[in-house]
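Paired with chain B in one complex and with chain C in the other, chain A is shared by the two complexes that follow.
Let's look at the complex of A and B:
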């Protein structure tokens, strides 16, 4: 699995949506991405990439696109 | 009554619309409520459905219903359309307010936009249907967005009494400025609005989520003084390193809506102490309008794990086998007495005509005991017992034990021949040690216990563990 697939898997697991429906436009508030799912999503990403997200990044992660940008700070390349 | 805005400085700010930044004074609020109330007027008392969020329009529609003497059901706008339709069919509201366009659902209603941004649907042919009891003010669901047709009926006296008690113990003043961090269709969220309006405070009406940066930017920009949350909000806040967050205007934070684990309470107690703010751990039920008890902040450090003492003008007694337990530490059912105890439940339109059935007494179904100072501790739910080989196992106690032992959320489901447990461990597998702990603690046979580690435990929209979904999930596991 490359990093993009890993990230999609993390989103898919946490939000319980099929990976095909995940694109850059997917944002907080859409689909099942609510505050409860956000907690699960953060955990899912941390496990998938074996990192610890800083609190600033947790509250900035408002879309799939934003998640990709944030992860680059943790040396995850897309 | 708080919806009359008596003895309140009318020039002071009542609501702030987070989306536009616009402020509405109490005088302005009164004026807007009069315009909307006018639309609700008729010869007989009506039922209004409000599919609301935390917008200024939702709050004003609610207050207008109270001021015009009509009954209002506050339902989450995010509920799906099928559930909305089902509730409309059962309760036959004469008027519907909705923040989203739901015209497609409402063939028998005429859409009208009032004062530019309030969308109402008025029933076209109003037939003679059951009358609505004069005391009935508000209907609330106990299940959030799952759309159970069973609603809690609250009277004018209920909402007023609970708002007075809450404002008193939280020491709310007109200087306070809470942000609406919980949905107003949820009893806890609504109690924040009521208890602040009664004191002439300023409410920041926001639909933003506590997990997003904009929420905290808004909080700071408007110098908000308080927010409220259910356990998962606090779990998230710990993840956000609340102790290091810069929130200079914050004075008070409140928690209710389920048990926050002792470790989290300790963390927030320490953080609050360091920041010079107050943290209130509270307990309640929608059946009691919202609030039943609270822990005074000065005592929280020594009363971690307690749900505290009854709110002002309320009383708590513990009953075991229909007799009151006077001796501290003896467990029984927590029974609450107060003017905020609901009128009763409704399951359809006909049930709206009946008056108070409760006489101010609420059997909460929670098992609890009091310590020597009268502080209450919940030990479980009466109905959440299973009998394994004749042995009574309290599912909540198992959960609490596992949560404290493994430092993660736990949920149990059981029948009389099995105990199934899920642990929210975020990828770490502790199934075997957890199973061993349960077997050793409760002296159970290994064949009846199963443990599974998951990434997240299903919760309802109000953040409580969703046992219906958990049960289905665990049922599927073994078939």
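Let's look at the complex of A and C:
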């Protein structure tokens, strides 16, 4: 799996949605992405990439596109 | 940069009060106009109070305020139902009425951002292993989140490997608790819970079981009000000293906040005072004359917050008594107004106020 696939899998697992529906427009507040799912999403991404996100990044991660941007800070390349 | 962006871009608790008031006023004027145009009940109230939004208010003291209990009797929102992301409800401890706060995406994100700005200024940007003194059942109902659930989830963003320490009967999972603190003993942890629950279900259980620990670098944050503990004669000082005695926790911070203004919380400092963050302010009002009171005098707490975009909750009259201790000069080093909460407004006085302001307001939306 490449990093994009891994990230889609993390989103798919946490938000319980099929990977095909995940694109850059997917944002907090849409589908099943609410505040509780956000906690699961963070845990899922951290497990998938073996990283630990800082608080401000957890807060800023409000879309799939934003998640890709943030992960680059943790040396995850897309 | 507009006022709200500027308030968020500056370090938390760093803005001189005169500058902060100017920035808040710009945003509060904007919010008052917006809600007047988009929320019919709010418009009715302001019309009945003979308040006009044609001209901007010159002082934050002039911004009209709604009694917080209004949200318990009416569904008041400034957005169409289709934009509602989630509805927060309060538990309604003293009566059976429940607050109903409709949030859209923008308000929800602002609340989260505001909370992050406050909390990280206390605990840093690194997420800590986190113990939640509650049961995970509290956050399971997604469509309508209780104030308790929203508080837990909001704070959980600042922790990792979350451990819900209570079972569904509110019993401490003692063995798992001991394992968790043992596993994380080499780093600071974050413990969060509601004041009464931390006392009743964590502290008392540990004391009765003779379990002690030395969590000297751990941070305990708690909220939810003191009423139940004051009934047991437990003051904030006693709360801190007993938790230190039992668990060795030195950093214990209470905060004052309400479901009607989530995110806009007033955290206790090392001196024991509650501090207003960049994007909020408190005023103290006399409950006879409704005039604002000077530093040192006790009256009803009014809270102003610029986060409320989806409902007219930017200026609220609480049912709590408070006293402003000072502005910008707390020994802890944080700028802003700092204050104490001195209990609930006695019922008799509340009836007194409802004769005037609250009653006018309530009548105008009935």
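The rule we apply is simple: the second predicted complex is superposed on the first by the 78 of 78 C-alpha atoms of A that agree within 3 Å, B and C clash if a C-alpha of one lies under 4 Å from a C-alpha of the other, contacts with A are read in each partner's own complex, and residues count from 1 in each chain.
Basically, a contact is a pair of C-beta atoms (placed from the backbone, for glycine too) under 8 Å apart; a residue touches a chain by one contact, two chains touch by 3 or more.
Not measured: the values here are computed from a predicted model.
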Room on chain A for both chain B and chain C (clash or fit): clash
Touching partner for A:44 - first (chain B), second (chain C), both, neither: first
First (chain B), second (chain C), both or neither touched by A:52: second
Contacts of A:4 with chain B and chain C, given as first, second, both or neither: neither
Chain B versus chain C as contact partner of A:34, first or second or both or neither: both
Touched partner set for A:14, first chain B, second chain C, both or neither: first
Contacts of A:62 with chain B and chain C, given as first, second, both or neither: both
Stretch in clash, chain B with chain C, out of 133-141, 223-231 or 439-447: 223-231
Residues of chain A contacting chain B in one complex and chain C in the other: 28-29, 34-36, 38-39, 42-43, 46, 55-56, 58-59, 62
Interface residues, chain A side, partner chain B - complex: 13-14, 28-29, 34-40, 42-44, 46-47, 55-56, 58-60, 62
Touch list for chain C against partner chain A, complex: 85-86, 105, 108-109, 112-113, 116, 119-120, 124-127, 139, 142, 145, 150, 153-154, 156-158, 160, 162
Interface residues, chain B side, partner chain A - complex: 209-213, 215-216, 232-233, 235-236, 239-241, 244-245, 426-427, 455-456, 459, 461, 463
Interface residues, chain A side, partner chain C - complex: 27-29, 34-36, 38-39, 42-43, 46, 52-56, 58-59, 62
